[in-house]
Amino acid sequence: MTSRIKISSFFDGGNITVIDAAEPDNIRVSIPKDTESDFFQWFYFRLQGGMGEECIIHFENAKDAAYSEGWEGYQAVASYDREHWFRVPTQYEDGILTVAHQPEQDSVYYAYFAPYSYERHLDMLSWASSHEDCVTHHLGETAEGRDITLLEVTKTQGLAKNIWITARQHPGETMAEWFVEGLLERLFDESHPVARAMLKQCRFYIVPNMNPDGGVHGNLRVNSKGVNLNREWKRSSQENSPEVLAVQKKMAEVGVDMFLDIHGDETLPVNFVDGCIGVPNFDARMEAMETLFSQTLLAVSPDFQTDIGYEQDYFGEANLSVASKWVGNTYRCLSLTLEMPFKDNENLPDEEVGWSPERSKILGADVLYPIYQVINSKHMS
Amino acid sequence: MTSRIKISSFFDGGNITVIDAAEPDNIRVSIPKDTESDFFQWFYFRLQGGMGEECIIHFENAKDAAYSEGWEGYQAVASYDREHWFRVPTQYEDGILTVAHQPEQDSVYYAYFAPYSYERHLDMLSWASSHEDCVTHHLGETAEGRDITLLEVTKTQGLAKNIWITARQHPGETMAEWFVEGLLERLFDESHPVARAMLKQCRFYIVPNMNPDGGVHGNLRVNSKGVNLNREWKRSSQENSPEVLAVQKKMAEVGVDMFLDIHGDETLPVNFVDGCIGVPNFDARMEAMETLFSQTLLAVSPDFQTDIGYEQDYFGEANLSVASKWVGNTYRCLSLTLEMPFKDNENLPDEEVGWSPERSKILGADVLYPIYQVINSKHMS
Amino acid sequence: MTSRIKISSFFDGGNITVIDAAEPDNIRVSIPKDTESDFFQWFYFRLQGGMGEECIIHFENAKDAAYSEGWEGYQAVASYDREHWFRVPTQYEDGILTVAHQPEQDSVYYAYFAPYSYERHLDMLSWASSHEDCVTHHLGETAEGRDITLLEVTKTQGLAKNIWITARQHPGETMAEWFVEGLLERLFDESHPVARAMLKQCRFYIVPNMNPDGGVHGNLRVNSKGVNLNREWKRSSQENSPEVLAVQKKMAEVGVDMFLDIHGDETLPVNFVDGCIGVPNFDARMEAMETLFSQTLLAVSPDFQTDIGYEQDYFGEANLSVASKWVGNTYRCLSLTLEMPFKDNENLPDEEVGWSPERSKILGADVLYPIYQVINSKHMS
Amino acid sequence: MTSRIKISSFFDGGNITVIDAAEPDNIRVSIPKDTESDFFQWFYFRLQGGMGEECIIHFENAKDAAYSEGWEGYQAVASYDREHWFRVPTQYEDGILTVAHQPEQDSVYYAYFAPYSYERHLDMLSWASSHEDCVTHHLGETAEGRDITLLEVTKTQGLAKNIWITARQHPGETMAEWFVEGLLERLFDESHPVARAMLKQCRFYIVPNMNPDGGVHGNLRVNSKGVNLNREWKRSSQENSPEVLAVQKKMAEVGVDMFLDIHGDETLPVNFVDGCIGVPNFDARMEAMETLFSQTLLAVSPDFQTDIGYEQDYFGEANLSVASKWVGNTYRCLSLTLEMPFKDNENLPDEEVGWSPERSKILGADVLYPIYQVINSKHMS
């Protein structure tokens, strides 16, 4: 007799391997590796046939994931309608991650974080470019042939500060593209004073998805060539990292006055930024802008903090193959990696949804406040 | 020097081959064949870099398409926002189909008809199953591993008439899934008297997408094995047509009191139905139900007509490998193929959008009227 | 010590008199009379302070209401958000109507039927006239100085059939204006085949609210002069019934090919129409159109029926002071009173909401089907 | 022969007297006085019959309005759909205000500022109280019998800071109620970090409309007794200012830790606050909180400024009959009058809409940032 449980993942971003689904209360799965890579951590699948039963799902290879400490205190997300994602009871023990959930519907999705599909990405580009202040640019294509698209947003034809924002170099960090969606909604709000003021002063260059191939494949870290784009900025190539090469080329063409690279962090349960302290060209002006940025964001968002973050690099030791370090060093501008949690912001936790698309969008909108302060500070004159 | 024009199609349902895009006013393309098949007619691609220029696109292999007469009087559809699709000037001459259009945005999509992606399909299933009167069933999977999902919609636990509706056996006929979306919205309208009355009498079994593999691949007619599902009903197999086999098995389990198979017609510029007159078991009762169905739909929809359609089969000559013929003959019930145009309804033309998703949805909602009349006629007692 | 219960009604359409609200479980009220009139039945008020307590409200003068048989089987409506109105337990005994309800919010509204305010009326006029097929006409003003506005809806500049629709001669019959809202939404649906076909053939003249003064005052039957407009069509005057006079004048100017006067019935728990059988000019053609109208509406709406209705007039005995009789007799056209229930449609009851705004809107949309059939019948040539 | 122009104002907030409307290009009107008062400035009316013609409207008594300097640089607002209000060419010369506008629709509304009706007010109360963190309180009733309603919003049952916000003491300053709508939307945003953090710390007491009688009557400054509520706080009475008395009573019951009184200013083309510097109990702590509030709002909103405002009172000379002065003096808390322009914010002007409902709503949302900073400052410990 066969199980009624059906697990499927053959859709955009889907990622799981079923070992055994004969018994709902002992479903055994493993997370497939990223394309041409040993990294893995992203999972996303649909479970049918479990309505009303306690479904217990064991991720048997969890301990070998890219960030096994990411499973500590982590709760998986689930959705019936593919719009609202909520947390479900999850624990990590003896190297196995276990989700226990009794679905209320016959069809339910589970994921590492709320997905952001390539179709939604294309919808966002179309929606954005339909606004009068926005045009799209084709920067190039991925190894598999997907478009790398840049959004340019401004109200001015003249001289302006160039604010660059990139997201999803690591394709499984979908919160980064939700963040961009929120930032764009704010920029397009014709009544918002900060958006109105900034679009007269600035030209935003936004790449909402640096790694569409990896996103479609359900990868955590790499593109379809198995390459981690955020280690390619010193050695980008058409062969391995056309996504980075295309962006660097456009940066060289128009210039960079500020750069934010948006990420998700598997381990730390907070939002934070990482600056350029260890890059060769780091100076007092860059440091002052980093401080002003952080202090302003702190003042407007209890979802941001500065106590916890990455260890700071010593002078000259920063890894210039990382996007924010390379850009900061090259353009001597404010250049930050902004990290959001896969887990929750432990300073303002939300038991139902944890860190979420909605909260990512608000942070994306709120990041305009520190950008605005820095742009109008003495450091930019 | 390279052209600024960039044509891409590496997304769900995308289908085009670029021969030459050096000059915007002489873009040459061809339509790739369906997977493992010689059929082709469906195209769908994104064009970037043409804003404000007259873009002239020649489809050079149009004369060898599955239905070359389908190009006569046909206008291609375009969209900036991937939601609103409008017709653009198109002509067919000397075996070449030519679209001439000056895009107002940097990024524009062209297609044979408004697409319906697999992501939207999964969204629809989730949305539908979230209604209290609807549950999903996993019927099986395609050759490539996508789910074949059945929606069951009813308000009754007891005896009820079983109304079966299938759509997109031919995956390029996307209007069929738009039709289903409209029908479901009407069924879920808690205030609509026909929906309320029918859900107490009937159990709807709806397969919104019979051929998800073909849809993702941008096929017109076949699944990923190169098989035309609507010629498989006498010989369905797990190997070639698991989609059909799975539906037939469930039909055998629950029974069929009425069947509608939803399609698009490449050639005829009208909506029409095709019945079972030539099947061996055709009888006066089936004929009366066909007549009642058509007369009721005529009375409520100027988008329907009965003057133009397929030639009627002679007795016993109907092709039982076709879904509606096979089901009608097997279950001796009202069983129809419903066809919508790729072009327009010439009796009530709309120059801006032609036949459209919105009009398909309304026809899908309106089809409840004739179903209601037939179910409550003496023929069903 | 004073009661925490506060009942208020000083807002658009509000109508109640509090006798005693000291005890939540014994609230005593009476329904005020219409302006300058002895009619009364409409009530509408807000109750604060009753959250979580069983509130029992006695309408002590119910037996003297205009239609005391209207209370038999009647359930009052309530709303927390002023959008969704649901039925609450109500009984009529010994001449007293009693509502028993435990509110879930601190503030709750009760009414005879879901209200339709003058502000919403003005919003509807603005929304309607913003459509390209619609213009507004100022017909005149009420005794108190409110505008009587006519909406003209058509897609043609040339000859067309003139379809007249009036609503809320009796201002407490708010379902009539909900009905018009639904009809307008359908007419403005650019994809709906019946709407598209009819707007090329017809010119709709719609008066969504014949009696704005009465509506604001919370009257059931009369205007601010105490006059029942639906008894004024033989004797309309600037003094007493400027609303009727203004409409008759415009009818004379443009002509009438069909007329529907929309009402609510306090007593009968069904939807029905009342025709012109007793008017002097009634003839076979008018009778045939009445039959065609009713049969078509029956075919599309289980919320309509023809078994129950008003007693038919004998020849020549019809009351020509009634709008539909007067118009039918004057213009020898199809002319109907359409009645909806305050209670429910007992043939397809909905225990939660009874007859409702949403169902009224759908009936208003569906009435285009019979209009379409009559317009395209031989009777109109 | 009569003019086709029809001007009407018999609706909620309507206010105009027609002197002569015979010629569209020479329409002469005057603004009626507030109820029982000599103040006047608010106008609001509907004009029909002017489509496609240049309509020139002279307000002949403009020079005697409450704030004749308010007409300098002022542009009136207009709307076709009663939702989107835009500015129309207006000039003030020789004591007469003249609006010149060619309407695109048959029906158009003109007003001093985008209206906020009593119906919308009741809708807002219902919408707000449907949120789980909000309850309504009935504080009392106006002289005419309308409800004075208080919204209490919090996530805590325990000790919390009491933030009081009142709006529309002056009923014609409708931007104040739009401001509250925006503030409430932000407070109810379950994902917004500031809202989430504050609702655990604070209890908001919000009176969205202090003067419903005046609003319905189309008054600028006074209630139905002709009384300016913002001069009643030292002498409030059941007879003349029950609105103020009721609020003071509730303040005494629960306490006040911060108070914002929301207003519109007829003359100054900026947003600003006015503090308590001249009240007897003013001290360094209050001053520090005023400064922190202003500096925080400055940092997040280019629609706020501190250069222009009212002249500061000398010590002890402040008028304690004004709400913010009285509350600040009584409760020794941060207490501000917040003023928005009827004109535009001249530092960030918007030619199409000027200062608007949307911008008022955003300022209302943004005011949570300074509240949050003050609540979490050392001054509140």
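Labels for the chains are A, B, C and D, by order of writing; each one numbers its residues from 1.
The criterion applied here is as follows: a residue touches a chain if its C-beta (ideal position, glycine included) is under 8 Å from a C-beta of that chain, and two chains touch if they have at least 3 such contacts.
Remember, it's a predicted structure, so these values are computed and weren't measured experimentally.
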Report the inter-centroid distance (CA atoms only) between chain A and chain C in whole Å.
55
Intercentroid distance (Cα basis), chain B paired with chain A, Å
37
Separation of mean Cα positions, chain C and chain B [Å, integer]
41
Numbers and ranges of chain C residues touching at least 2 other chains:
none
Thinking of each chain as a vertex joined to the chains it touches, would you call that graph a line, ring, star, complete, or other?
ring
Pairs of chains, among all present, that meet the touch criterion
A-B, A-D, B-C, C-D
Can you tell me which positions in chain A touch chain B when the two form their complex?
6, 8, 10-12, 46, 48-49, 51, 79-82, 105-107, 109, 117-120, 122-123, 125-127, 129-130, 135-138, 141, 144-147, 149
Name, in rising order, each residue of chain B that touches chain C in their complex.
189-194, 196-197, 296, 299-303, 345, 348, 350, 356, 358-359, 361-362, 369, 372-373
